[in-house]
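All remarks here apply to the structure that follows.
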Amino acid sequence: MATLDLASLAAGDRVQHELMVRSREDKTTKNGDPFVVLQLGNATGVISANVWKEDVPTIAGVRAGTVVQVIGSVENYQGRRQLKFTAPPRVVAASAVDIDEFLPRISVSIASLWATVDKWRADMKSKQLRAAVDLFFADDEFRARFERTPGAPRGHHAQIGGLLLHVVEVATIARASAKTMRGDVDLVTAGALLHDIGNVETYGITAAGFEYTQPGYLIQHMVLGSLMLDRKFRALPEGTFTETQELELHHFVQSHHGLLEHGAAVRPMTLEAELLHWADQSSANGNNFVEAMEDSELFPGDEQLSVKKSWRLDRKVWRRSHAWD
Amino acid sequence: MATLDLASLAAGDRVQHELMVRSREDKTTKNGDPFVVLQLGNATGVISANVWKEDVPTIAGVRAGTVVQVIGSVENYQGRRQLKFTAPPRVVAASAVDIDEFLPRISVSIASLWATVDKWRADMKSKQLRAAVDLFFADDEFRARFERTPGAPRGHHAQIGGLLLHVVEVATIARASAKTMRGDVDLVTAGALLHDIGNVETYGITAAGFEYTQPGYLIQHMVLGSLMLDRKFRALPEGTFTETQELELHHFVQSHHGLLEHGAAVRPMTLEAELLHWADQSSANGNNFVEAMEDSELFPGDEQLSVKKSWRLDRKVWRRSHAWD
Amino acid sequence: MATLDLASLAAGDRVQHELMVRSREDKTTKNGDPFVVLQLGNATGVISANVWKEDVPTIAGVRAGTVVQVIGSVENYQGRRQLKFTAPPRVVAASAVDIDEFLPRISVSIASLWATVDKWRADMKSKQLRAAVDLFFADDEFRARFERTPGAPRGHHAQIGGLLLHVVEVATIARASAKTMRGDVDLVTAGALLHDIGNVETYGITAAGFEYTQPGYLIQHMVLGSLMLDRKFRALPEGTFTETQELELHHFVQSHHGLLEHGAAVRPMTLEAELLHWADQSSANGNNFVEAMEDSELFPGDEQLSVKKSWRLDRKVWRRSHAWD
Amino acid sequence: MATLDLASLAAGDRVQHELMVRSREDKTTKNGDPFVVLQLGNATGVISANVWKEDVPTIAGVRAGTVVQVIGSVENYQGRRQLKFTAPPRVVAASAVDIDEFLPRISVSIASLWATVDKWRADMKSKQLRAAVDLFFADDEFRARFERTPGAPRGHHAQIGGLLLHVVEVATIARASAKTMRGDVDLVTAGALLHDIGNVETYGITAAGFEYTQPGYLIQHMVLGSLMLDRKFRALPEGTFTETQELELHHFVQSHHGLLEHGAAVRPMTLEAELLHWADQSSANGNNFVEAMEDSELFPGDEQLSVKKSWRLDRKVWRRSHAWD
Amino acid sequence: MATLDLASLAAGDRVQHELMVRSREDKTTKNGDPFVVLQLGNATGVISANVWKEDVPTIAGVRAGTVVQVIGSVENYQGRRQLKFTAPPRVVAASAVDIDEFLPRISVSIASLWATVDKWRADMKSKQLRAAVDLFFADDEFRARFERTPGAPRGHHAQIGGLLLHVVEVATIARASAKTMRGDVDLVTAGALLHDIGNVETYGITAAGFEYTQPGYLIQHMVLGSLMLDRKFRALPEGTFTETQELELHHFVQSHHGLLEHGAAVRPMTLEAELLHWADQSSANGNNFVEAMEDSELFPGDEQLSVKKSWRLDRKVWRRSHAWD
Amino acid sequence: MATLDLASLAAGDRVQHELMVRSREDKTTKNGDPFVVLQLGNATGVISANVWKEDVPTIAGVRAGTVVQVIGSVENYQGRRQLKFTAPPRVVAASAVDIDEFLPRISVSIASLWATVDKWRADMKSKQLRAAVDLFFADDEFRARFERTPGAPRGHHAQIGGLLLHVVEVATIARASAKTMRGDVDLVTAGALLHDIGNVETYGITAAGFEYTQPGYLIQHMVLGSLMLDRKFRALPEGTFTETQELELHHFVQSHHGLLEHGAAVRPMTLEAELLHWADQSSANGNNFVEAMEDSELFPGDEQLSVKKSWRLDRKVWRRSHAWD
């Protein structure tokens, strides 16, 4: 059964597909009747469904994280699309479910992103930097975790594959910057690939979506990244890297947020660390724009000015109506 | 006579060249004797010279902005190189001087920067954006002013050619960003080329160096840029651009500083304006790093950590001692 | 038919008047029944009306911006006054409507404000400043637009006539400041009259109320003000004003917000620009107090301390209960 | 002997006048010889004098705060005017000195400022507010202290009479604001007159100039003002003012700095307190501009842009070269 | 009748106790039926009760601040416990009610806190500091007010006894700090006991709970504390304290918030005032943590990470699941 | 030879002791004569000495870090004490020097501080926390490094033993806080002992004094502390600590600066981490006060208000002149 494209559903469409329950809220009407609001989603988006009084017992086993077989149709309810079940949703056994199919996922091909990364690795002139990058990026287990990790739990790149996409964007921008500013392209590439490795331990994937792990909120991704680097370094033959070489790689991790108030342990102290910081900003904020332009809460119709502020960008955004001929 | 390379002078070197007086300070020793400190420079840098009591009358006509024929040698004085005149400096007639030869100048070829700009113009698919850019960049008089303007009077790109170099760096980075983030490359290129046009009316070049013009300090470069755009637009046949097309180009000018507290009239409201903003930051701060690494006040010897903070970057900077093999 | 004074309506009053629909929200009760909440207003205020299930079809043609003939009475609903229709509202043809009659309007006479402005113009000793002011204030078309423009789309002076009232307040305060501080009274008057001219292109008036125009959000009112000034200057015989005279007038426009983080392009650099800035603050914030004191959301009863913060002032405000005998 | 106008002295002028020693610095040349730098002043300004090696013993009794009879002439020394003694300065007995004659003093007539204050008092319609103001302003001892107090020890109004001038400026602006904004003119006048009464206990006048008292730095002028008010209130017959009337007067004192970060105990909560705050800002900052325009450190010649930032205003300031005809 | 422990109630429990009405909201269902939401509480907490259509007339006399005799049982309603009346609540005559029994109260014994305070007083070596402290803490009327006052109306220590608990915590921490940092323990104890005395006039206790008094919002607790000190000082024989001794005690009051932006009139200028400031921070923020850990809105179940930010602490908080064996 | 107490030297005293050269500056008088300014110090303080023209050759081998045998006497020079050599200083062989004797050192006994720490360790009820602390504090090599490390290279506790003193102060305050706030005393003690362990790799001791190491500036002390913890944890038998126990100890290290803008990786999320943060502030700022009160640059005489701001505290400080009898 092909994945249902939730973004393109219109009122009247019939639905007979598997969807994951993202959240379930049990409520009571003012008349004292119970009802339930479900959020149902897959890799393409989310849609809600209300279950009224008499049907509530039919969804007793339905919880956040459950995958259900849905039969119903799309309606308009208070100006929004909504699912109306025509038969009780049937719970799919957890053992039969691949959770990733039901989480948001980047639209770019993950394989093509890896191809770009591997091309950069192959092109490196510095054997030491190649070796440093390969501590992680030549490790299939790491690659498997990395490509599943979002760029953030909410906000920019909050999708399966988001971290990989983000890192490719950052490296692309930082490499262009280093070329035009006469920096070391290999070095800034290594910094870009390694700067966010801690995210694989910072964000967890559950049936309910992406969220911070305990290490993620107690010591955050940059400290985790340095611990990961240090454990790899400690396992190498002594002398593989000098002390300051190790420190320079840690410095990319610790300084890439630029300012202490944005979480950096230190401000960037080299040209390459500085360029990495701005490339990181450009990718994160640029991605926020890309998503804001497609956000139907900001642009419910054909507005030019968004009807409210993007919470990610803390401002209204604008869609041009003209073309540039 | 070839330009003297002030950066490579060592104690004991003989000097017999034209230099411009950047500044003259008349002082008095505690014994009541007059002496004068001159700063002398050309396109490659600056060196100082002290003129003591008995020789002060020999430099009566020497003022900031005067070009003088210098005969002397290089000494160490309190740990710094300094010029010692062996004959009184001779004033060169203003009519015989090309001021630009004596001001700091970028080390990159201006012609090659123009070639890059012109290639981007030629590659544009949008005729309208090409037309907008050509309002300025196809105008030889404008190009002549533009290529002489610094990026800033102090700080990043404070050199003849600095604005052109900065704009090429910004456009290079913004184009790479737009490609990887799926933005409009022509549009961001136009934004990059136009964002700082107001600088040609903001910074003046005098014999004493670069400084703000009256329009520069009273209404600053972004307002000046919009006035320049508007005058060009008003002179075009009606309908050349739609009102919102004109506004989008103004918006690049007015939003490129990103935040109101950094002088932006508005925050960026499109992907392309956002990417331009971060590219501008990357070029400006990256250039500050490039110059800090070569600044003998920060690194008087072979230090790894600079001995004081770079005032441009408000932090100490670091020079790695290791190579990446 | 006289304008209905919405502020003085009490429960039980009969209503048979024209009102404009400010907004319409279509909702559904938890029982699945449709109902509609209308906001209806005129120059004196706003009142809401609920239309229940069976009557929803009678208001099919009623949209935000429509003027309707209302027949009904005032009720209390959950502690607030509300209109109850006793007959279906009848849509008035757009061609028969003067939109301004239905928008909030200052309570001060617009004619008396113009009289004050014109007295100041007539009293000016400087012919050049008089000429600068008259570029706009002797132009009937500009005056007509100016007197319809609010001071802001929300917040202080958000009324027809609000900009004119604001400018008269600012000029009054700035003139008193300049007199006591030995500044140039003509100059600060000119600055006060011209500082917000860009607002006529920044705020639009639609049936739904006041809102930002596209130029308003893309480049904001100060840049628009300078473009308006520049176009007038460029149309004058050369030499009418010197370059620095023009710049000084632009400087009032660009600096009146005082600080970059408040949107100023530059900080005030003259006594008169500084005094204008504080007068602008005093008028805007003072007006926020005037309106807060009459705001029934802040003072639903006879409280001394407002029950919540004024969003305009970001603090609670206080109404004294004592008189000063 | 008339007061010497220090501002108008030129090189070559003869001086034979009494001046107060503002400061004395004992220094040593690099040759090990002692010398002394004196700052000498009166109500019109300050001038420095160097006393070299052999003459140092002649000024043994000369200290900060001493008044000396000076005989000498004016010279240029390193681009500044300086006094050169032609005879040893003679110390004037402290008992023969009126310290106020030697401190900076406002150029406006103190009597005319009092006349304005007294006119406002006489015009008050509210007997209670008149009574509140008269607790201080009908008290000759208080008036004598008040008129000697500066507005601040450094910065705006740092002159004998400065506080009185500042309060008249504030009241003038606040009264105009209240009139145009429909506030209570008597009330804002009372607030303006009382808001800074604590300054008479905050700033001390010593021979060395103005400085903070111990109460001034340990609890600052607003707390001192409230203590002064409270002691007067406690001495009145019970019921003279209600509790909230007393509080409203305290509130003017405690809120006039506007924001907590500027030292206010609370933000203004009434229209009149708000208008007082902005009038206070306008007077303080406007006065900084008035003084900056006459400051020879900012404008050593006929510059239009000041050569450095005014430390009071934290920006460069501009003097127009054009007239407005 | 023993106090009902609201915190330990479970669904199904029977209730027959007196509770105070904290608030009453009259609402209307979408069907137009009236209903009422009551918040009922005592010293141990709060619980809500809904009264539906037909029962609304039975609670006609029930208002915020009324104490009612409740008969009913505990139910679960939308995931929260709620009271269901089985008989109409009966209003208890105000004359028969001790309001304090129905307000939140600290769980620590007030008597034991006083014992600690009195031990510190008895241990003081400085008779003057003992005398200063005794101006308030030997006054039974003051003690009675003090022990009823909360530490703040919302947030930390918002309970009867909260101010006393806070002051004991602050003094405990400040005394330990002074001992280890070699400060004056008597002095910092006096500062700790006196720093918040103004709170007894700042927070009022009404039937509806704690709230700011008019003096509290118009001039805040530090100014009130200094007025209280000053009135006591003025009533003493002259010479009891020197002027600077009085000032030092005022300085503790005025500086304990540390920074102007946090409401301090001045920053701490002595070691003891500095240590008091940090002890105050530690007690206030530590108490916020204590309460956050027990807040069922932050931890509705057995979460480790709170489900939302604590508004007091502006961050999420964490409850460890491990023990430290 | 006993250590010379530099603090108690007076003009006229004879000196015949070993001192370390802290810095050497080679200068030239305006007459062109060379002279040298030496800073000489030991554990008790610093004194300067000028060496003039003819004596410069006698100190050819004297550099920063050299220990010299000094023979001379104390003079007053420009109001400061200064050493005058009566014989050329003699260089002591590096092999005969114990550098620590010549660096500033805390006045408290290091042994007594360790006794306190060891008592706390012995008193711990939690074996796991004891084990965690002992990973470092039962390791003699670590203790030897720890007790030599300053609390900071400049500012608070910048002395041999400073880190140990700081940690004892922090633990003392945090323990008192935890006791009164019902926190876990063992846990907060462990946090206090471990929070700054990274400082032993952050600050280096050279002959020239304390300074940042390369790891110190490139990744700072909190990241270094976590790396040290992690390496110890990784070397333990699996299961010694649970993952969240390890994280809680890292969390103390990463959160103790409280706010991101002060360098914290995360804000404190537990009561104990919060209390540790405030105790750290109290010790650091309290120590700054202790040192400010004895700083002769702030109090050159018997002033009550310091003559300038303490750079550590960014404010003037006050010394009471009264006693509290």
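Note that the chains take the letters A, B, C, D, E and F in the order they are written out, and that residue 1 is the start of every chain.
Keep in mind that, in the parts below, contacts are C-beta pairs under 8 Å (C-beta built on N, C-alpha and C of every residue); 3 or more make two chains touch, one makes a residue touch a chain.
All values reported here derive from a predicted model rather than from experimental measurement.
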item: Required minimum of steps from subunit B to subunit F, each step between chains that touch; value: 1
item: Partner chains shared by subunit A and subunit B (touch criterion as defined above); value: C, F
item: Partner chains that subunit B and subunit D have in common; value: C, F
item: Pair of chains joined by more contacts [C-beta pairs], C-E or D-E; value: D-E
item: Rotation, 0 to 180 degrees and nearest 5, that superposes subunit E on copy subunit F via CA atoms; value: 180
item: Between subunit B and subunit E, centroid-to-centroid distance (C-alpha), Å; value: 61
item: Chain centre separation (subunit A, subunit F; CA means) in Å; value: 45
item: Distance from subunit D to subunit C - Cα centre to Cα centre, in angstrom; value: 41
item: Touching two or more other chains - residue numbers and ranges from subunit E; value: 30-31, 214, 217-218, 244, 248, 269, 304, 316, 318
item: In contact (per the touch rule at the top): chain pairs; value: A-B, A-C, A-E, A-F, B-C, B-D, B-F, C-D, C-E, D-E, D-F, E-F
item: Residue ranges of subunit A in contact with subunit B within the complex; value: 126-129, 168-169, 172-173, 175-177, 179-184, 186-187, 242, 244-245, 248, 267, 269-271, 274-275, 278-279, 281-283, 285-287, 289-290, 293, 304, 315-322, 324-325
item: Subunit B-touching residues of subunit D, taken from the complex the two chains share; value: 29-31, 33, 35, 77-79, 304-305, 316, 318
item: Complex interface listing, subunit D residues touching subunit E; value: 214-215, 217-220, 222-223, 226-227, 230-231, 234, 243-244, 247-248, 250-251, 254, 260-263, 265-266, 269
item: Touching residues (chain side subunit E, partner subunit C) in the complex; value: 26-28, 30-31, 212, 214, 217-218
